[in-house]
Structure formats: C-alpha cells, structure tokens
Amino acid sequence: GKTTTSGNGGDEIKIGAIFSASGGAAPLGKPEMETVKMLVKQWNEQGGIDGKKIKLIAYDDKSDQNEAVLSAKKLIEQDNVTAIIGGTISGNSLAMIPQIEKAGIPYISLAASKQIVNPSDGSSRHWTFKTAQGDNIVIQKLLGFLKEKRWLNVAWLNVANAYGTSGHEEFVHYAPEYGVKAVIEEEFEATVDDAKAMLTKVKKANPQAIIVWGTAQESAVVTKNIRQLGIAAPIVESHGIGTKSFIDLAGEAANDVWFPAGRILVADQLPDSDPQKETLLKYKQDFEKAYGYAPTTFGGHAWDAFHLLANAIKEGGTEKEKIRSALENTRKFIGISGVFHMSKDDHTGLDADSLVMVQIQDGKFVLAEQ
Amino acid sequence: MEAWSQFVQLLFSGLTVGSIYALVALGFVITYSVTGILNLAQGDFAMLGALFCVTLVNDGVPFVLAIGLSIVAVMAIGALFERLAIQPARRSPVAVLIIITIGASFVFRGIALLVWGTNPYALRPFTGHGALEAFGAVIQWQSVWAIILSLASFAALHLFFHRTYIGKAVAACVINPFAARLMGIDIRKMSLGAIAASAGLGALAGIVIAPISGASYDMGMMIGLKAFIAAVVGGLTNAPAAIAGAFLVGLLESFAEGYLSSGYKEAISFGLLLLVLFFMPNGLFAKMTGKRV
Amino acid sequence: MEHGQRMTDGRKRWLWLAGAVVWLGLPWLVFGNNYVLSTLVLIGLYALVGTGMTLLMGYAGQISLGQAAFYGMGAYTSAYLTAHAGWPAWLALVAGAALAALVALVVGIPVFRLREHYLALATLGFGVIMFTFFKEWKGITGGLNGFFGIPPIRIAGIPLQSDWQFYYLVSSFVLAGGWFARNVVRSRVGRALRAIHGSEVAASSLGVNITKYKLQIFILSAVYASVAGSLYAHYVTFINPDLFGIIPSIYFLIMVIIGGTASVWGGLVGAAVYVCLGEWLKAVVPLLLPNAGGEFEIVFFGLLLVIMLIYMPNGLTGVAPQGLRRCWKTSWRQSERATAVDSHKARSIGGEQG
Amino acid sequence: MSAMLLEVEQLSKSFGGIQAVQNVSFYVKKEDIVAVIGPNGAGKTTLFNMISGIVPPTSGFVRFQGAIVSGKQPHELAMLGMTRTFQNLQLFADMTVLENVMVGFHSRLKSGIVSAGFRLPRTVKEEKQAQEQAFFCLEQVGLAHLAWERAGTLPYGMQRLVEIARAAVSRPSLILLDEPMAGLNPQESKQLVDVLLMMREQGFSFLFVEHDMETVMAIADRIVVLDYGKKIAEGAPEEIARHPDVIKAYLGEEAV
Amino acid sequence: MLTLRNVHVHHGHLHVLKGIDLHVGQGEIVAIVGANGAGKSTLLGTMAGVYAPTEGEILFEQKPLPYGKAEKIVDQGICLVPERRQIFDSLSVRDNLLLGAYRRHRRDGQEVKRDYERVLELFPKLQTMLDRPGGLLSGGEQQMLAIARGLMARPKLLLLDEPSLGLAPLVVKEVMGMLTQLCDQFQTSMILVEQNVRAALQIADEAYVLERGQIVMHGKAAELLADERVAEAYLGAAGRR
C-alpha cells in the first residue's frame, strides 16, 4: 500500500520504500515497513532532516518480483524520490537494481544476498548498498562456532527456497576453511508437515551436530522431529529462527538449539560495554510501544537503512551523488545489525563480529558466552 | 533391521502427511460432488479453523469447546461464502467458478493476514506431546489423531453417500441439476449444506495439523493444492478414492524423500501422478461413468 | 446485409486509424514516464501469454494451470543462450519457442487423452515439474538465486534497453499475435475447435481430428507464452524460478477469465484490467484506509474479482456492447450471447448426456 | 446394378456381460436407403456407433467403398465420405446455425493452422466456399433464415434439421441417421422425407434408424430388423410389414 | 384442478408464451399439440416451476402456484417428465427411480417401495438393468426410465413432454394405454405434449393447439381429431396416422 506520512508540499524530502509487506516474505517485510514508518514519524516530530520534513512513499511488492520492478519505476519516474530503501528479499532487490543504477538513485537494500552488492556478472553497483549481513557472514560465524566446539562432522539440512540454497552455497564454500565436513546434505520443503522421512537418513549418518537452515515455521517442524526421533546430536540453526514464534511452535524441542543472531535478540543481556546496547534498547522499546511486539532483526535492517540514509542526507543534502558518497564514507555507524564501516569495495560494511551466538534455554534467547 | 525401521518410519511419515491431505481432500470431494465446483479456497478453511482455534485456546476457552466453536465458525463462513459468491454465479462456466474460489481464497488470506499477522502460531497437541514407538520408529500421538479422524470422516461420508437417500440426492445435483430440480431436490440448500460441511471438515483438518506444523495465514495454499491432487488422483466424486489418493500421495512423498532426493520430491510425486493420470485417465478408482453417445 | 457490411467496414477503418495513432503516440502522451510505459510493457507480455491461453481455453476448451512453465522455458532459453552461449537474442527467442513447442507436443500427446479436471491437474503437475527443473537445474538456470545479466535484445545492432523501445517491441508482438490468433479463430481450424468444445463425438464424426487440433492449439499457446518469456528476460534482465511457478500460472488464468474468451483480444483486455486493477488499488486503498497495508489490497482484489466474475462470467469481451463487437466480428454477426440461456438446457444440447 | 457402398460382416459388440449386437451382417448399395428397426435396446445405436467408428467392434468388420474401415477413427471415416447424426442431438450449441453447418464442410477443406493464421489467399477462398455451401445446404432444408441464430436456442425439431444439413454439406457418399424423425411433427417429418428423397436423387445414400414406421415404409428400399442384438429379418418394406417375428417383437398386431 | 390465466413467459428478451389460458380438471388428460418452437416445453416448464411467468396467474387446487420453486411444486403433486429424458446418467437405474420419490420417501417409505415394484411391473424391460448406470441405456430405455421416474413421485398432475419420443411403436401403444389406466385408477390428471398427435388425441379428453406462444384452438380431443384443419396441419397431409 502507498502510504504518505506528513508533508504538505514545499520543503520536504521524498524517500521511497518497497517492502514485501504481504505475500510469502511478509514475516520479514512487515516489521521492516512498520519500523520505517515509526522512524519517519519520530524524525518528523523532531523536525525532520535539517528542518525538512521527510515524506515516505512506501509500496508493498507483495513478495512479487514484477510488482517490485514496477514499484521501483514508479518511485523513480512518478514520485521522484531522493533515495530508495527496500527490497525485502534478494530476488526483488536484484530485479530492481538495474533500473535504479541506471536512474542513479541512492539505494539501500534490506536483503541478504551478496549478489546485491558484489554481483557475479560484474554489473554496476555504484548506487546500491545493503544493511543485512550476507549469508557468507552468518555462515562464517556459524562455522567458527562449530570449529570451537569441535563438531566437525555435521549434517546439513536446508529449506528448499532461495534462503536455504543460498545458505547452502556459502556453507559449501566456507566449510573446508574451518575444517567442517557435511556427512549428509538434505533439503526440506518450506511447507513441511513431517520431516521424519528425511531425518531417518540423517540419523543413519550419525553426525556430531545437525545444522537446520530455514525460517521459523519449517525449522520448528524439523527441530521437533529431530527430538522425536531421539537424535542426540546438538542442533545448530540459522538466524532465521530468531523469533518468538519459533519457540512457540517448537515448544520443548526448541531448548538447547544454537544459532547465530544479530544483537537485537539479546539486547538486554549484552554487557554494558557493548557499543550497540543503548541503541538496541531504544529501538526495542520504541518498537514495542508502537506495535506491541518485539522487533525482529529484519526490522533492524530497515532501522539501519533509514538511519544510514538520513545521516547521509544530513551530510550531503538532497543531491544524489553527495548522498551516495556520504553513504560510502560511513564509518563506525552504530546500528542495530552491527557497527557499519562502508567503503568503496564494501557496500555492506558488516563482518562476522556483528553477530553473536544465541542459545534457547527454557523458552528464552540466551546470549552464549563469547 | 535398520532398513526395516527406516521403512516403518517412512510409512508413518507418509500416513501422517496423507491423513492431513485426506481431510482436506474430503472437503474437495463433498463440494465437487454436490456443486461440480473445485473449491480452491478449501485449504483456507483449514487455515481459518486452525487460527480460530489458536485464538480461542489462547483466550482461555476449554480446548474441546474451542475446537467445536472454530469448526462452527468456519462452517458459518463457508455458508456465507456459498451464499455470496457461489450461489449468484451458479450458471457460470466451470473455469469462472474456479477463479471465483481463488478470489475468495485471496479474501480469506487477506483477512487472516489482517487479523493474525504474518507470524506462525502454535497449538497444543490433542493428547500430550508424547509419541508412540513401534518397530524402532516413532509416530506422534497427534499424527495418530490425524489418521483416525481422516478415517472416521471418510467412514461417515461413505455411509452418507452410499447408504442414505439424501446422499444420492446430493449426487444427483451435480450429475443433472435440471432433473434434480424436477425431482424436487432443493439444489440451493444442498449446495449450501455441502460447502458448509466441507468448510467444517477443512477446519477440522487445520486444527489437527496446527500442533504438527503450526498455523499461519498462508498455510492454506499448499495444503489445498496437495489435497486437490489427492482428490483428483482418486476420482473427484468418490470419497474413498480421494482418501486412498491422499494416502497414496503422502506415502509417495515420504518414500521419495526417504529413499531418493528430497529436492525433487515434489517433481517425483507430481510426475508419478501424471503417469497415473495417463494410464488411468479418470483417476485410479474410476467407476463406470454413464456417458455414451 | 451487404449495405450494413460496408458501413461496418467504413467505421472499422476509422477505428483502426484511431487505434494506430494511440498505439504509436502513447510513449509521447505519457512522455518521460517510464513507469507507465513499463506497466504497458508488462501488460503486453501478459497479454501475449493470455492470447495463447484464450485460444486454448476458449477454443480448445482446456484450462491450463501450468502456462507459466512455457513462459519460463522461453525466458530461460533466451537467458542461457544469449548470456552463456553468446547467441543473438532473436535466434534465442526462436529457439525458446521451438523448445516450448516441442515440449508441448511431447506433453500434449498423453495429456490430451485426459478430460476436464484431470486435464487441468495434468497441466498443474506439468507446471510443478517444470518449476522444479528451473529450481534444481542450477548449472543452467542459476537455481533459486536467479539468473543475472541477461544481455539486451537488438534490432539492427541497436540494443533495446529503454522502456519506450520495449513498448514498441512488445506491442508489435501483441498485435501480431492477436492478428494471428484472430485469423486462426475465424478459419476452419477455429471452427473445428469450437465444435470440439460443443461436442467431441459430433466434431469427429464430421472429420475433425480432435487430438490433432487440440495439440496444435496447445503448441501455439506454448509458443505465445515462450515468446513472451523471452521478451521478459531481455526486458528485466534478471529472472528467477518464482516467476514461473504455479502462482503466476494462476494469475494468467485469472487474466484470461477476466478478459473472457469470447474474442481473441480477451487476453489483452484481461491483462490490462488485471494490471491496472492492481495499480489502482495501490493508489486508492491508502486513500480510503490510511493505515492499511498490502493485505487490504489482497482483500479488495479478491472481492473485486469475485464480484466481477459474478456479474460478467463470460469476461469483459463477453459483455462488450453490441456495436463494438460488430466491429470485431466482420464475417457475420452473432446473436446476443449475454441473453440468459438456461445453462442446464444448453448443457444437455451440447453435452454427451443421455 | 449399383456398386456396394457399405458391407457389414458378422459385427458383434458386448459391453461387459451385455451382448448389444451379435453377428449382424448386411449391406448398403449406392443410392440405397436402408432402414434399421427394432425394439428399444435392440442394439441399433450400438451398430451405428460401430459403423461410424465411435466404438470399436468386439468382432466382425465393416467394409466401406471396398476397403475395410473397422478400427478407423470417426474423423477418418468422415474424410472417406461417411457422416452421421445422433439420436441425442449433438449440436454445437454455442455456435450459429451457419457455423454448425460449416463445420460439416470441414473434411472438404485443407488449410491448416499456419496458413489460416497468416490468412493466406487459399484460406480466404476456402472460407468463402464453405460459407456458400453451408448456406446452400441450409436453404435446401429450409433453415436459411435462421442461419445467424445460436443453434442451442432453436427448438428441438429445427435442431434436427440443422444436424442433417451439417452431415450432408460435405456431400458424403453415405449418411447415417439415428432416428431423424424423432421430435418432428408429422408435417415436418413429411418435409424431411421429401428432403431425403431429393437427396437420394442427387446421389446420396442413407442408412437410418427410425421408429416412425410411416417414414420407414415410405422411403426405405430395404429394412434390417434387429431384436436383442440379432438380425431377425431383412427385406423390402412390404415383406417386413408382414413378417410375423417383426410384428411380434416390434410392430404390434394392427401394424400399418 | 389447474388453471392458467393469461400467462406470459419470457426467455431473456424472447417473448415465448403470450397469454395462455388453460384448464385441467380432476382425472383429465389434456393434450397440447403444436409446431416446433411453439412454446410447449416452456409451458410445461412453467407449470413445473422451472421458469417463472412474467405475467398472469397459475392456480393449482385453487391456490397460486409457488412460481419458480420446483421443490414446492413437487410437494404439491405436480411432476414433469422433461423432454430429452434428463436421466441421472451415472446413477444406477434403481437410484434414478428412487430419486423420483425423493420428496416423499421420508413421509411414506413403505408406499415408495410398493410404487417401485409397481412401476417396474409397468416397464419390465427396466427390471433387467437395475444396476446399470442410467446413461448407458439405449435411447428408448432411457425414455422409459424417465417416465417411470416421474411416476415414482405419485403426482396428482403429471406433465409429460413428448413421452413417446424414441419408443418403438409397440411400446408407444403400451405407454399410452398405461397412461389412460393410471388416469382411471388413481385419478391422476395429465398434460401430454406430443408430436405423435394422433396417439395423444386418442387418449386425451381435452386438447389445445399452441402456435407461436398462443392457444389457437381448443376443444374436446375427439372433436379436434375429427377437425379438418388439425388433420391437415398436425396429422400429416394424408391424415393416415
């Protein structure tokens, strides 16, 4: 839906946004949209950017690539926005990028694929940035953890969609570096009701640990099934399960599951020395007050994107190239997903330290010792 | 022995999944055999049933009552859907009716999204989290419930269609609505009843599944699709065949996943289904159709 | 009657002229607005698929729930052959169409032994299987991560990259496709197909080879979809399997139903209405409900769809005003289709009952 | 004197346990009108369906213009010059009357999907010819004024005439008619009888099933009588009318 | 028993019946004859609640008929045996017959059983094929089934649309005889639409001639049978039938 927040002509800054607030990626896109709406309201109440009100023009691409492309065109051609945030999922971001690059508009994607900033076909990414840790970063964190625990023979299970396969690719790419080996690799459907058929094979392979790479709903089913089959190996999962609903869905079975996650999940458990703690707590508080539930890492990506952009506009004014170079020169920006250090070659600016390992204990997310 | 227990495990998995498809497939069959409509919103009844039940349970309504209430609520929605969307379009071509049900499915999904948001919800199992062990394989109690309920619904339906007078009248409605009217069969009432009943069955299916796989606003689509396939493989107007079809699809998927690759699971089951269709074009369990020149 | 015919012809010429002016002039009318143009391009691509499906549904009497598979075949063939094998785009487009035709032939032979809903299921199954291929055949399709960097299509060495260029390209295809379809429909072949729709036994006892014609139309519709897919790939330059799954197939079906199969232009009308409706809702819903999200659009879209189909089950081309339709139908007029025909009766005449 | 057109040899058909047709043999010569009569359920329609290729015979064969045709598809038979009408009308209800008849001309046209799609001159010419022929045929059965009506809205009797026109427009050498008079009132039947007789003059041959004995007696050159799937009699109308078995099984005592 | 006053019916824009007045008395057989497309089937359909009149009134047993509500009309005792048979083709012959009594099976189950036996006696041919799907019967067999199914409703007024269509001459005779018998035994009234005009007029009491949606002639059946105009128009020129 198109939403117009405040702003009556004249001195305003138009920011375009595209989220997958409905459709398949809605669990990701909805908190993103809500976060940005909340932030725009906050900033405008405090006078906007340099006295100029922010006008947010947000579209819902319904998790559909064509909708995303059309919405991007609309933002560029019709709404004449200064910059664009969004593209909840990688496919949609990737489909939008060519025209955004052509039009020359600063763009911050919220999706994870590294293709968004480092395309394998070498096409231009002058204007494109992103705020989500790529799967390469998450996998490295996870592999580091496995290495530390000396769980080197693992079972790899991923959900059969873009999220799952991209995780799998990174895993295959980095595992040797950490001395980790998959004794079995399997895929399961996002709509899985019963994964025991697949898990019997896993049980036979006798891994030291099982990695389940999926989002909350399907991972919960698999996790429950692992426990039901009485497989004793520890379970390590992806950052995609970092929501309350995973714990609800998996129930008892969720306990003891490990996974890498952004700090937002365990904000209050962080040591006071953590540079992000204050920012995290503030976001958490604000979001909970506005929407009545805890913020997600995805909302966090949107928070980062908005602030990065707002700061760049503060610095560079409404001129596009100036905003872009301000973005590229971001240093030590303390955000939700981590501390950002952008550069010409790194349009993400995050590394594995932006993540922590979390374990579920008694139905709670608990920060594992570093 | 190892191989044996894997086999049994796969069998259990297949039965679990199959029973879920079966419950929804029965809904398809009822609607189709009374109205001649393939109701692609059938899966969404499951979704609505599950989410209603979750909400009621969370609000402290006793479990059994919550189940009953959600089924009744979804039946009411089904009835409303029939009156507002199906009845006025009775005379449209089949394809149009199918698309109308798709449209209705959008509406249901959109409303669910509005009310319940995007998060998946959990529902507690009917009888404890325990599992049953046999031959070195495990099956959750909830799966046993699913299987029992699907078989019970089937038995009830079978009796209804083949042993009761009304059952025959119901069948007559789709075979020749014009003649059915002349026999004094109230097609509109039949169609209302059928869709409400299949909505109720759908809701029951959703409630049974929710403890196994969770409940979310978008769960209807995939369940609906698979159940649709199950129903067609069996033969659309034939309840026992649809049940058999559902278990067949469930087992096929489970064994394909266990013994072959899981990535191609869908393609394998669909592919085999195509073969079945090609060699038995009216479904596996087709009877004489009564068509000639 | 002779007189009336000539009058119609005269009026028709003016209509053609006006149409041509609008067609050629549109990019200037919406000057500089690539958004509008790309909406039109998208409509055009959908319309191309829809025209094929209109033929299939309206004339071969077959619902296809897997049309996006052919769309995808065109897109991936073009993408792979141009990006990795260095073929010229036009050749790749033809190759895609040939591949789709071949697949349609192979699939069609067994599929058309089926009837009614079983046939619908078979096409659905085919769609799912093709989707799995797109997804799993990573070496060629790039899997779920998608296929990047598809080179542009060229005419006389000039790469077509801007929206207005694509607008002309795609709309030419749509017009040519529509013209071809219209001719087919008004010929012996189209008549045979409609006859099959009415009564298969009767058609065959008059010399109509049912399987052959159904298969030909199926192949034709596959070619339409494949060509549209190729054009899409060159237009957006990034494709991924989700674009060619079951949901898009259902959307194509919706478009054709909205447009109606009473005329071969049903596909175009349906695509236009479908896309515009979506865009319109995007604009209107927030005005009505300022805090609503995308979910409202879904609800409204669903409601509109239902209402529209209840009141015009034969689609928009089925209820188009008589005058307009007379322009479309030159060879002879057709009695008002919209008169409420007791469907039961109609069925017992045409069907195989009894 | 005239050549054999159709020869049916020892044709049988059973459906599961039901012997619908048993060892039936007969023939039709050029410009013959042969009637098949018999009680309800005697196997007449089944016999027709076998001859026209809609159902395969269980045993026996059919020879058409000297060649064995059993096992051929209906559309192949139509191409060879054998068309039929149906006991339960099989009109294309959503098409106009003219279009219905034009479909009948299908077997005489050649243009395929490609030449039709590009609207090659050949196609245009063929279309014109088809339309003219169809119109002519409609005129002959007296329905030209209804050419533009949707076939499904016509009353039953006229639909029958359309079906006959549709079967005749391609000028096949043999037309099979399954109860052509059913639903026509006597006056209309008479009109149809005239049409059929006129068509015979033009070289058509007919094989038809009919319960209206008046018509049968009026136009049939020969009559084949079936009962319980078996042929019980064959001969000229006068013979049949007097045949005791036929009277007992079919006509009843005070026959025509 | 049944009275129509100035009944008009439209199909879409088509004005099919233009002011029909008609009366059927208790135990009477009324024949309606007329050319193809005159509106005979439409007339019967209107009485059976398939179509609703746009003007005029229909009284059944002094009460207005519930227009367009077929199931209510069946309850009141009117049953239509439609043209083209309209068999439930994938249901067995037995089920087809039983469905004929759908409206009353709960009220008087025993009687339905007796009727079932009785109807099968009338059509012994059907007895041999009770388990076959109705759609596989031959044309004439289906016609018998349709009539038998209509009788199962035990109507006070039976509407028959071309019942002799497709029946062998011997069977036509039997059916016509049976209808007279039925009429006498059970005081069932009947409206008979027939192309086989002679057969119809022979058993009917009253007769109406319908042309282009209007009654053009009406009288005692025997009188019409003797009428020259009728003979010329409907009995074939020779008037032999």
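Labels A, B, C, D and E are assigned to the chains in the order they are written; within every chain, residues are numbered from 1.
Throughout what follows, contacts are C-beta pairs under 8 Å (C-beta built on N, C-alpha and C of every residue); 3 or more make two chains touch, one makes a residue touch a chain.
Just so you know, these numbers come straight off a predicted model, no measurement behind them.
Between the contact lists of chain B and chain D, the overlap consists of C, E. Using the average of C-alpha coordinates as each chain's centre, A ends up farthest from chain E.
Taking each chain's centre as the average of its CA atoms, chain D and chain E sit 29 Å apart. Averaged C-alpha coordinates put the centre of chain C at 40 Å from the centre of chain D.
In terms of their C-alpha centroids, the spacing between chain A and chain C amounts to 37 Å. Chain centres here are Cα averages; for chain A and chain E they lie 74 Å apart. Chain contacts: chain E has residues 11, 14, 50, 84, 86-87, 89, 135-136, 139 touching two or more partner chains.
Shown for chain B are the residues that touch two or more other chains, namely 110, 113, 176, 178, 263, 266, 291-293. Taken residue by residue, chain A touches two or more other chains at 22, 26, 30, 160, whereas all remaining positions touch fewer.
By the touch rule above, chain B contacts chain A in their complex via residues 2, 5-6, 9-10, 12-14, 16-17, 20, 110, 113, 117-122, 129, 131, 137-138, 140, 143, 209, 212-214, 216, 218-219, 222-223, 253-255, 257-258, 261-263, 265-266. Within the complex, the chain B residues that touch chain C are 38, 85, 88-89, 91-96, 98-100, 102-111, 113-114, 176-178, 225, 228-229, 232, 236, 263-264, 266-267, 270-271, 273-274, 277-278, 281-283, 291-293. Listed in rising order, the residues of chain A touching chain B in the complex are 22, 24, 26-27, 30, 160, 186-189, 191-198, 200-201, 204, 216-217, 220-221, 228-230, 243-245, 248-249, 251-252. Listed in rising order, the residues of chain A touching chain C in the complex are 1-4, 21-23, 26, 30, 33, 59-60, 62, 65-67, 69-70, 73-74, 76-78, 90-91, 94-95, 97-99, 113, 115, 119-123, 160-162, 164-166, 169.
Against chain E, the residues of chain B that register as touching in their complex are 165, 168-169, 171-172, 175-176, 178-186, 287-292.
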